[in-house]
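Read the structure below first, then the notes.
Chains: A, B, C, D, E, F, G and H, in written order; residue numbering restarts at 1 for each.
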């Protein structure tokens, strides 16, 4: 098995079905990845160690998903200079607006690349990670363009289906 | 000088004028306190050390104020079982709603005692800290009740001034 | 039966399943507590009497949960200098944002220690109460640290389960 | 001096310039009124006494203005069955959305007649009070209709001025 | 059958189950009322006629409930100087925050007495109407106080049930 | 002077500086227009008459701007089947979110074409009105395309200025 | 089959059941229309081509519905000077507030005529399109007035049903 | 002069002072960059061309800042598979919440890496771009770690200044 290039971290195992959207994308693009659980608040040491060792272990990008006062992505970003992508998860009664603001409003100096709330965001986190990796891999760049082409074709097919009623 | 019982921490020196409201209350109740700067994201190690050593250094309560994706109180709460009071600061264009949600919506297991946004909250953080200390100090309990009495009298005086026009 | 140290109050019996999360925590830490119903608006006298007699009856901390224009915690805080923890409950169409703002935005002088909305908040109210009690009980402090250790271990186990697929 | 029929209460003397808008309306309609300060949290006893004695003292309607976790109108409504009009005041960084929700989202059984945030609301609180009094005073009903007529004429004049450039 | 004193109007027949909460209260207090449908936008003439004739037909208070850009209460208030109570209804995807703001933020000169969103608000609209009528009917005032007493007793009973487990 | 084709209505003369943005656009495109004041609540009759006579007087589109519980556009739309464009104005402490929701969330059957909040919206209301008129005037369509071209050129010039530092 | 005068575009085939509300209205008024799928982000070329050719193909108005960061209507408006009506769709966890703001807050120069969120908005988009077409077709204007009359009669019937209980 | 690796694009020249924060960071890290103006709505062709040619012109990352219905970053992301960083700008009365939602809530398939609102976000966009470039440049990675070290030292110095009073 290849050494993972992307780390997917989630604040709770209950976020799994959402974060697997990121994994599906990475599988599709044949990017080796790892997936784990770490909580910024319930296991801060584990979170810190994960972030601090990420670069040495060969990770290129970390994707972190959490709900509520979603500090996971920020806590990881505070311990590594690898790009960190944050996925706000809509698991509280506030439907993810809390997770979005807690993820995106980072202070100057420590960015988190925030994507949409929930499954859509997790999927896009995967694609953004591939886009970043593709900067050094022309082959990957090309496959991303093909993926875009496919999306455009799907839209056209949907349009055809619609016009048939 | 007496050993501090309360630690006031802020994410940035620019939050000072707000967090001093907490200090004013502690002075008034003659509670020794310390005040420092630590950022959950720009100096995570310092933040962790502060939180981890707090209990041994004799602190009883930590008051933490931050704006934006305000993780400071949560990051400290993740590293100590002392009560942590969070003051959301309205320093971003979102006027503190980001800081409030990032402070209060903590996951199960790691509470942050959140107070109002801004100066009012900082003042109340000081009073809440005194209320907590007062559980073991009947004299302090009494002074808190006197403080309440004073507040009520101020309201009455304001009412008199108003009726005089 | 031991004298209760913590009072759990809710604005309506329909909030019971949420507020019992606080009770579960107190049971776990073997803190004697009482649980009752009092409404800031429908039974203000009862609420006031509960708050005013709390200190004499030996209560150390009051946990108050309510939804909508959630005044219960504030109404209690206005009548006692014991620490009051507020749990905003998401029982209105506004999903608890009304209860959060009505609980946390207290005026200078009368703090309410506000926690997260709903069940998570009720659980954390219980833990915050234990943290406050633990200031005078080293044994309780130790048990809280053990509880934290357990949480961290649970996260690690969840991570192991995840890696097994 | 005539016995006041309307009581205007504000949570803080700093709300005075806003609440005087209600007073201006009452003066215009020659309704005797009183204006005072009472805080639901800093002087709960005073607030309760004010509300409980209101009916006996001849008050017909109470207008209460407060900001933040604006409990004043609700606390008064809990102690009297007179109509209580709540004016949310935009004195916190949240620009009055906290005060609006804390005032309007009252539980079943204890209504607060809530008006707009700030000066506009205070003015309308005065008019609403007059509308309520007018139910028993046909003369007042007529003057309200005249006031409406005047407003309509002012709009027409403004339109004329506008058309003149 | 007695002449109705209160008019309950709703913007759509689909709001009926909510607005009947107001009717239930009026029945309980034996206040004759009428209930009808009128839309500020789909039947403006009907709405205007309803409002304009209300006073002559003997109505004392109008309760208007609507969702979305909830103009019904305001449109009625623009055509009568009777007190108008607005009930924001949570029938759009925005869960009633649109209806609340569209109902409560009336311009200076034309107040709407706004109550809570949804069923709770409709019930309280009924009680507020009774409170207004009670100003001229001491017997009604007394019954309102009894109702309050009953509410307080219900809270006490709920507390007893809770303590029994 | 030519007969006005567009009516610009504002809820208050104080909205003038905002609504003139619409007028500037109409002048630029040489569309004759009229500008007036009418309040949905303070002068409902005037508002209704304005809307009802609009079609006969030769108006093609009505632009209505108002703040707070902004009913003006909706009230006009209820009385005419001409296209009505609503401009939410940020004149209340809620910064126009109230005006936006009160304008856009119209019930099924009575649309208001809502544009952005404030001056930007007023300007765009003017352009939208021209776009509508242009459907029957090819010359106007062409001028709109030229206007677009000019905008694109301005962006290019701004880009050049920027690159020069 | 007649040449379509209105184009209904949606960002995803999953928005179909919502956007068909617009189609139902157009059918009722016998306006020929077309319905298709085009995504501002997944098929930008298709979107641009659709917009650019719309005028030549005889379209008069474009109705565009999308959810989330709903750019579809704006992307189309950027490429045509035909009137573009935007329907915000509540398909994200934020219930359409994201789609509303992303649709309505267009920059100066490029308006989108925004209607209510979801099905109600789609229906009103259809009616608004008819209102625009009716400017050049007196017969259509008349049918719109009849439609309004029908709506008013439905309200009256609903009122009758209600009064029968 | 070196070939730019990062493109900074803004929707309007008035966003310059904000977007220069990104430029300052790139200068500090000696990353050649270009800065230009392109509007998704007022100059869509220019925006598309910029995005489509970016990869060939040697750009690695695009930073796009815009306010209101901020489509710029999304429009660029739709035309390139380079990583696109979006900076929401608080230039409308809604203080950037519109720009945040319009930037971050992208549909599945086309991510925008969103950072905080305003100047803080622009600065962090610069740092995130450097983090991405650093994946292929170990020297840059090291300088980022030094930058982090510096930030931590600044916090310590601020703490020392604070303790001196």
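The definition used in the following text is that a contact is a pair of C-beta atoms (placed from the backbone, for glycine too) under 8 Å apart; a residue touches a chain by one contact, two chains touch by 3 or more.
Bear in mind the structure is a predicted one, so any value in this text is a computation, not a measurement.
S.K.: Note down the smallest number of touching-chain steps it takes to go from chain A to chain G.
M.R.: 1
S.K.: Which chains are shared contacts of chain C and chain D?
M.R.: B, E
S.K.: Go ahead and align chain A to its copy chain D using Cα positions, then give the rotation in degrees, nearest 5.
M.R.: My answer is 180 degrees for the C-alpha fit.
S.K.: Once you count every C-beta pair in contact for both, which comes out on top, B-D or A-H?
M.R.: A-H
S.K.: Would the interface of chain A with chain C count as same or different, where same needs over half of all numbers used to appear in both copies?
M.R.: different
S.K.: Of the pairs A-H, A-C or C-D, which one shares over half of its contact pairs with A-G?
M.R.: It is A-C that repeats the A-G interface.
S.K.: Just the number, please: Cα centre separation of chain C and chain F in whole Å.
M.R.: 51
S.K.: Quick one: report the Å distance separating chain A from chain E, using the average Cα coordinate of each chain.
M.R.: 49
S.K.: Can you check how far apart chain D and chain G are, centre to centre, with Cα atoms defining each centre and the answer in Å?
M.R.: 42
S.K.: Compute the distance, rounded to whole Å, between the mean C-alpha positions of chain E and chain G.
M.R.: Measuring from centre to centre gives 34 Å for this pair.
S.K.: So which stretches of chain C touch two or more other chains?
M.R.: 12, 39, 42, 68-69, 92, 94-95, 97, 104-107, 109-110, 116-117, 120, 148, 151
S.K.: Chain pairs in touch?
M.R.: A-B, A-C, A-G, A-H, B-C, B-D, B-H, C-D, C-E, D-E, D-F, E-F, E-G, F-G, F-H, G-H
S.K.: Across the complex, what residues on chain G touch chain H?
M.R.: 11-12, 39-42, 44, 48, 68-69, 71, 74-75, 77-79, 92, 94, 97-98, 101-107, 109-110
S.K.: For the complex, which residues does chain B have touching chain H?
M.R.: Touching chain H from chain B are residues 12-13, 16, 34-39, 42-43, 45-46, 68-69, 92-95.
S.K.: Where on chain F does chain H make contact in their complex?
M.R.: The contact residues of chain F facing chain H are 90, 95-97, 116-118, 120, 148, 151-152, 154-156, 158-159, 161-163.
S.K.: Would you pull the chain C residues touching chain B in the complex into a rising list?
M.R.: Chain C reaches chain B through residues 55, 60-61, 81-83, 85, 100, 104-117, 119-120, 123-125, 127-128, 131-136, 141, 144-145, 147-148, 151.
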